[in-house]
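What follows is a set of structures to go through.
You will see subunit A twice below: alongside subunit B first, and alongside subunit C after that.
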Partner chain A sequence: MTLGYLPGSGLLHRSHPLTTATLAAVVSVLAFLLPGPAGPGMLVLALCVIAVAAGMRRVLLTSAAFSAPFWAFLILIHGVIGGDFATAAALAGRITAILTVFLLLLGSVHPGRLVDAMLQRGLPFGLAYLLAATLQAVPQLQQRAAAILAAQRCRGLRVGGSLWRRARAVVPLAVPLVLGALAEVDERALALETRGAGSETRRTALEPPLDRPGDRAARWLLLATVVGAAVWRLLT
Partner chain B sequence: MPRLSSRLLALIPLAVGINLALGKVASATSLPVFLDTVGTVLVAALVGPAAALVTGVVSQTAFTMLDGKLMWMAFLPVQLGVALYAGLAGRYRMFASPARAVLSGLGLGVIAATLSWPISLILFGGVTATGVTLVTTALTAVGVPLEWAVYGASLGNDLLDKGVTFFLVYVVLEALPSRMAARFPAAERSRGRA
Partner chain C sequence: MTVRLEAVSFRYPTAGVDALRDVTLEFAPGGVHLVTGRLGAGCSTLLLAIAGLAPHVTGGTRLGSVITLGQDPATEEGRGAVAGRVGLLLPTPWTQLSGMAHTVAEEVAFGPANLGWERERIRGAVREALRLVDLEDLAGRDPGTLSGGELQRVIFAAVAAMDPDIYLLDEPAMELDPEAAGAMYRFLPALARRKTVILATTDLDRAVLVAGRVVLLDAGHVIDDGDPASVLGALRAVEAGATTTVARIAQRAGAQSPLPLTVPAAVARFAR
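Our next item is the complex of A and B:
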């Protein structure tokens, strides 16, 4: 099972990041617009074809693994208990379509390229930095949380037992992590200040992704599909 | 949107990191809580609701990207509700004592459950494939209507989660040295010292 960017040179890897992001947004809207279970089913089928054509079959395995618990619970609650298997299939198909297209986006678009594409379109530097810095900070703090857990256990902290004992164990685990992070704010703010982060000037991307006529046409076609589907649903 | 000063640009990624890293603590103690809004509530108490709203948006986006499940973005209104409520709680000095903090945390639990309930029910048929879904399934199996089963499961979880979250933020604010607290505009007011 794989999650995140997968290096490659397939159809989706060569596309402009905003084209793939538009595909993800359009599929998410269509999953709710098209009547189930046939509509979401067709979307999942189309995404399977795109994944195979783009050389990203592995994404389909991850999508199946992520979707399985949703299928199981939906069939249990709506099908076995509620007696409505069609609703269970429609809801599960919708979730599978959304999961698959997002995994294709994550797998084919490097976060750095997406940020470059957004900067090129006028996204303020602050917002782009926030997303990039956050994706970097999360694994660091997760590692620190694991280190604090190990250190407190070495000092005799018990994290098992009654509900009250477990609730009490949260404080010595969480507070050092939060205070440690707050102590870092000054250092990071100073580093940002010296690099001109507070400047309002528009940045130029060093290597902006190519936006070919085919990409632009694909984006318009995707948007036209959503509008067409919405009109069709309103009329029928 | 607030002007993103260098201090906010430094604080928000760390707050989001706290939101996502505390999941490890929650799973280590096997408590039925997520603790995924501690960073957002902390920013609301230290800086104010506008900065907390930005933290909420970035947090939900990062969580969605790292977990690989786009549908979590649908729960963004819950993060925004938490940010606004926590900002107001700070303004009314609700972090001044542990009792006030826990009480306002419980209030947030009701609001968060009420916000997440229709999203979970309408968009996902009540199934989010987390521990909450197990409770929903058990309640449905004993004859509770699906709508109430989803609300009941969310409410039980959110009351505990937000109560613990507000208590943790209270402890952090209490432990914060005055020199550090003075660098954040709302910190002293939130902890009832201004």
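Our next item is the complex of A and C:
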């Protein structure tokens, strides 16, 4: 399972980063605006079509793997125990839709291009970097977690077996992961500062993303869809 | 003077003792200036103070005066003036990645792009910096797939691409294999003909071959400053845990100071 940027040249890779970011924001809002389970189901279906068209089928597998525990938990709590399978499907559908769209964003938008796009819109570098680095943090933490897990297993940690044993194995994984990430923050801040990240000079976009008429139209269409869905929900 | 510190003391926010105590030093332009001492002596903090990162980024309290390239780098005005003119290389390469680059070339271009250089100038600087560290073949690789040693060379290239006047190198060879570490040290004298290199390391067997001057720190205080033979060859350096392997062996063998620092120096000394 890969959570980071996946090089490619498909539909989403060619889009302006803000178009994909708008898609992620709009899907997140629609997931809650549209009535479940049909609304979130349609969103997931639409995202599947987009992923396939954009040559990012792998993202669907990752999304399915991450969504499966939510589906199991929600069906157990709301469906089997509560007898309300529709609510379980609606909630799980919302989670799947949001997960999928953010995985598409993560996989198709190069963080450098995202920062350049945000700087083009006048955002300060610090804020743009913070947003892009947050997206990048996921694959980096994933790599670090794999290394810590391997190290802990070498030292005898057993991560398989019963649910209780698996839960107990989380602590020796999570503590060094979090502490290590916090310790890195200081060094990264030092390195970024000396590499001009705090410079007041306007950053040069290495490959400034093109904002084509199609991108602008897509963003307006997405925003109109949200407004339309909100009005429809208010009226019905 | 490129750098001048006068009566500088520095304490980190949560520390009970000063990391630097009453340090007064000057660094002339050019040359490799070696700063050394046992771990915790304050060598890294000295580099951070010269760059203005202590206290600007680290927090803490600084007393005394630091002037780097004519400015106090801890002030707003000074930071702007030294931006891109002071390059810092830290020991662990993966914490220095920008997090915004998908290729080595983009990683190296991060600093020059932040300084607002023209694209053509950035491309030229990236090519030149990668050539310098012999990593032109890896320009298209994802930095996340490189070994620690390769990554450290990429970060060195990223610093070099900004063409700083001062290189602050904190344990630059820590992640390198012996051959690559030797290559990095051998390259420093050529660099120091054009730039000021301030090297903080405990890897004295290699550093002594390239340094023209040694500043010896102990518990944040300068206890000696001079040419390598006189500083690292003194018994005080042995007591401070900062001398070469050859000097330690010579001292145990009963040699008197100044101790020989290298194998050729030891051969010459004992052959007499």
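Everything below uses one rule, namely that the second predicted complex is superposed on the first by the 158 of 236 C-alpha atoms of A that agree within 3 Å, B and C clash if a C-alpha of one lies under 4 Å from a C-alpha of the other, contacts with A are read in each partner's own complex, and residues count from 1 in each chain.
Throughout what follows, contacts are C-beta pairs under 8 Å (C-beta built on N, C-alpha and C of every residue); 3 or more make two chains touch, one makes a residue touch a chain.
Fair warning: this is a prediction, and the values are worked out from it, not measured in the lab.
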Which of subunit B and subunit C A:Glu193 touches, first, second, both or neither: both
Partner chain(s) touched by A:Gln140 [first = subunit B, second = subunit C, both, neither]: both
Which superposed partner A:Tyr129 touches (first subunit B, second subunit C, both, neither): both
Touched partner set for A:Thr204, first subunit B, second subunit C, both or neither: second
Touching partner for A:Gly79 - first (subunit B), second (subunit C), both, neither: neither
Touching partner for A:Gly10 - first (subunit B), second (subunit C), both, neither: neither
Residue contacts on subunit A - larger count, subunit B or subunit C: B
Touching partner for A:His110 - first (subunit B), second (subunit C), both, neither: second
Touching both subunit B and subunit C, residues of subunit A: 4, 111, 129, 133, 136-137, 140, 184, 186, 188-190, 192-193, 197-198
Complex interface listing, subunit C residues touching subunit A: 48, 51, 53, 56-58, 79-80, 83-84, 86-88, 90, 92, 95-102, 106, 109-119, 122, 144, 155, 158-159, 162, 168
Subunit B residues within the subunit A interface of the complex: 4-7, 9-18, 20-22, 24-26, 28-31, 35, 38-39, 42, 54, 58-59, 61-62, 64-66, 68-71, 123-127, 129, 133, 136-137, 140-141, 146, 164, 168, 171-172, 175-176, 180, 183
Residues on subunit A engaged by subunit B in the complex (per definition of touch): 3-4, 24, 28, 32, 62, 66, 69-70, 73-74, 76-78, 81-82, 87-88, 91, 95, 98-99, 101-103, 106, 111, 124, 126-127, 129-131, 133-138, 140-142, 144-146, 149, 159-160, 163, 166-167, 169-171, 173-175, 177-179, 181-186, 188-190, 192-193, 197-198
Sites on subunit A touched by subunit C in the complex: 4-5, 7, 110-112, 115, 125, 129, 132-133, 136-137, 139-140, 143, 184, 186-206
